[in-house]
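Next, two complexes with subunit A in common: one pairs it with subunit B, the other with subunit C.
Now for the complex of A and B:
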């Protein structure tokens, strides 16, 4: 006797008559003139022609329809062969949202506002290198460490920010040693990691040895080739690029090849240099690049840098760079665009990489929190940049406050409540919602409204364009589908 | 002068909510006034739209066409939402059941 049921067992529905099925929840959004992107609650997607979509909704699909089995397999519909479908979908939704219960994992410490650079788009006011007036005090740092370890999250990352973090190296050491010691004393020590954001221009051997000893990751800035980088990041001697490149080499030598990552900022001067910027990252042996636009905060806004280009122009730049990255991969080079990888992980797997700007409810406070140099606590890095422009809407409190007081701050709770994209106007009907997020600080800055007006939102415009672009590229080209699937699984 | 137009939707074919949502989607291009009307015993939803910027007649026609299609989409979404409301709630309740984010009515959230 066979251990399998005969085929008739599985074919209880006749293929040529309308199938008996129930719809499971989904959303749809037009991809182009005829096709719709349809996503289920867990963010899995399928493309449907309008006519098929209408037949699906009106219950008129036959079991022999080419897409019927796919729609059932991805839990867009359930029939008598898929009674477990709602449970499976629920498990996927649970997996995707498991980070919510963990609370804040990223804790940023602004060690100093001092910096040796005078970048015109810098999001925090540049201060002199020689004054300690803009340094975080030991007393405040100690309290910030205690708040950090009070978070229920079992994995804590402390990120040092500036200014230039290494200009206050003594405090960096103090925070690392204090946090490690306090963590050891916990009943259940946390998975504690450190990262330092630095332009590397003042990094010494002593600093890097300390980083190596305590496994501190390095995140630096590289805006592109020499001329572009030095134009974007002026410093005395006009040698920012040379110092950063030397610093990257030194870090790799002492801490290992994968210990340093880089971020770039797109200025107006970058827009016509998409290929050059990608080539620079390839030449410096990075495994990928994170293409990101300027944010509407700080000096970027004061000096009108932010308005130097709009979302549409940035998207042209993004598309050009992404297509170039794809062509490099086609020629055999393994190289990623990390923003695309983050989104593709959400599109093609059940994991959520937890990227702060693509979280719903918004990642502010819940995903990351920042302890500013003066002991104030903000819900995100952007929130403290907003504060530099005298808008302290997103200040949670100070390091003197208790953990409970900080996280029951009314504005914070309001932001979390209002930015649940699942219930925000337009987002609630959008097929891209499971991949998207909310950025209340951005929308507050743009519209004085935490939710923002989506038809006018550049955040919405930018992400919708990228979502559509990634899907269109995958649908057109099997090579890109394979490549994007690989990216999705490495994020 | 900005272009404006009045269109009507049959209320037996389209819900007020679907029409309101469709209008909201184009609030970056036009302002809308939505009102239910009854005429000769039949119900309609009247939409008056005025372009926000000075544009020509053909652009207004294009916007009306886009609005008509969007109303169709919104009506279809409502059908899906209506048919799947119970299972949607079940799935979400299950998905968040261990997070402590959902509490029975009247009970405080789990610690």
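Now for the complex of A and C:
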């Protein structure tokens, strides 16, 4: 007789009867007419037919069911064969949230509101190029630097915002040098990085040399091909596109090929141009594109520009562009859509991609904070745009306040507390919650309520559509699955 | 395949105690070093040896032993000459690979030899015990019950003799951690004697479910220690079945978590065969999602020895048939950024996308090629076969490049 036992010997569950198992916490949401997305605490998902889901939740699965081992291995159910699920889930949940303990890493400095462009959708009021009244003062900047370095986060990124940041280059230099010097004096200097948001139209060699010397990254704007870009971004001479493209080439030459990234804004005119826009980014040698919806702030809302299209129309545009990006990859080009990459990172890994709008607890204040040109401090870029519309709900204070005062601001803490998606109404039951975020500023603007009314929320509508779209695409196409897995690991 | 241990003949023994000694080819070795060395004389030298030369070996400061290695006729011819030479061991030609600097264990009473350390080998494994709390279907070293803790005593002695410039050694079993604290002591001894030598330990990891045991190992602070731990499935039932031990999956998993909690390097090892293949990709996904912090994952081909031969019908699967599955498994691990390797496979049986993680890994003493491999343009890149695969079972689809 063999000294070896068959596999059945090791299975304490009999094949032909209902298995004894306990459910671990999970949520489920319909993907389509027949299938459900089921997610565990760590954001891992499995797709189940309605019938299987029903048997799973009613405790009617057999150990021999084809999905039983998968459900156990992915911690949707537990039986006496393994007691490790809670430990493994705990490690993953801890990993997903470990960034929270670091506190605020991104510190934005609005150097000036002045800008050489007069974009109709601009999210902050534009001002003439010559008035210094809309510039951040040295005194305020110095205090903002001190506050920045008070953050316990070991990695600090200072991002210069505008207006057009380079129109106040002297102050940019001052902040960089001040921050570097103050950082050197810290007991434990931080990993300090700088990035400047600029349209590059006024960037001179002197400015770029300074950026090269201090390893300052460049984030610029490119809305698409020449005609679209110049239509979206009017400036004297109608040459925004030409200047930006020249600027990008110059930056790459001086700062390195991957030193410049670009953001696009989707206007109504963009909606029919999905392929052209993607092609422009490919032609300009970018590794990907970030397809952003127009946000309902600042000028965009004031001019009703935002209402020029709704979430549904934007999603059509998004789908068309994403499918085109996938086709380009199928033809051998490596090119990403960064919003998808951000979400895929949350779906397929335990890493946090650090995207402010998709964090829960909300990213306001904790992920990023913004020091406005007038010395006021806001919980996010969107929060200061809201302030331009005379709603200062999300003002944490001013640079005169102490670090402690700013971050114990009652409204801020309340917003973070109330909107925590895991416990927010409807979010708490949503299978997409582990991948989603709380966006109190958006919902406050839309519904005058931090949590918002989820069935009417364009935030939910947009993200749920994208979550479903990403899953559907990778479930039906192994190529897309491999591609998406790669994207998930680049964030 | 090199014969590493076996029966030999002895002549004129002066002791019954087993001994460990360094092999030397230098008959002029200073007398002071001779008690710890055995002089090796191989066949060509045997015929040249005169009675005169042997007489020097009868002097007052003898070697710990004299090893004569050659064909039977050469050994018989030498019989007369060795009269009066103490502690002579007659080795069949199988041991002709022995060289200067190797370390052997000699048992005069049992008339046995073991080659414990070969200086020119990149892979010296030290067997610590044949006892085990697993009974893996494909075990290459079927466990025994007898107390063999003398192997551990020997290991303590051996690591003091191994030259400190050795790149790498391994501890294997059986299950080395069955020794408990004495296992930790041995790792510490390895660190003290061989601080620059990488140490790979093969263990099933179950002992480390005990957190303090994991902590103790970490406290040794061996700079180049890695534990190779098998996890054969994401399905606990399947893992327990492969290792034939109820509850093993949880203990191994718990052990890995504890080891990583204390920063010990861990490699997960998966042998690919009929019983692990059905969930190989899922297992790699499980590892990537739950054990991303392990240092390396090895996907290994089947060695046709030990229990594998008895269980060949339920284990063997031609690698040709799972090449795409192997590619998928590797793709999962790589896209999660995990370090991984494919061991013990033939180059013509893996897809091109596996090339980046393909490693030649079969220990030199049991590594061979088929006759048709002689003309293969990529033979030098190929890991080849286990000798036992050549003997008992290998793929029907070997295609020289």
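The working rule: the second predicted complex is superposed on the first by the 481 of 491 C-alpha atoms of A that agree within 3 Å, B and C clash if a C-alpha of one lies under 4 Å from a C-alpha of the other, contacts with A are read in each partner's own complex, and residues count from 1 in each chain.
By definition in this document, contacts are C-beta pairs under 8 Å (C-beta built on N, C-alpha and C of every residue); 3 or more make two chains touch, one makes a residue touch a chain.
Keep in mind that what you see is a predicted model, and the values were worked out from it rather than measured.
Of the two partner chains, neither subunit B nor subunit C is touched by A:238.
In the superposed pair of complexes, A:177 makes contact with neither subunit B nor subunit C.
Judged by the touch definition given at the top, the superposed model places A:429 against subunit B, while subunit C stays out of reach. In the superposition on chain A, A:69 makes contact with subunit C only, not with subunit B.
By the touch criterion defined above, A:456 lies against subunit B but remains apart from subunit C after alignment on the C-alpha atoms of chain A. Of the two partner chains, subunit B and subunit C are each touched by A:87.
Of the two partner chains, subunit B is the only one touched by A:41; subunit C is not. Using the contact criterion defined above for the overlaid structures, shared-chain residue A:283 touches neither subunit B nor subunit C, since it reaches no partner.
Comparing the two interfaces of subunit A, the one with subunit B and the one with subunit C have residues 87, 91 in common.
On the side of subunit A, the complex with subunit B involves touching residues 22-28, 30, 41, 53-54, 57-58, 86-87, 89-91, 93-94, 97-98, 100-101, 425-426, 429, 453, 455-456.
On the subunit C side of its complex with subunit A, the touching residues are 135, 137, 234-238, 240-241, 244, 246, 249-250, 253-254, 257, 275, 279, 282, 286, 289-290, 292, 307, 310-311, 331-332, 335-337.
Residues 2-7, 9-11, 42, 44, 69-70, 72-74, 81-84, 87-88, 91-92, 349-350, 482, 485-486, 488-489 of subunit A touch subunit C in their complex. Residues 21, 24-29, 73-74, 76-77, 79-81, 83-84, 87-88, 90-92, 94-96, 98-101 of subunit B are the ones touching subunit A in the complex.
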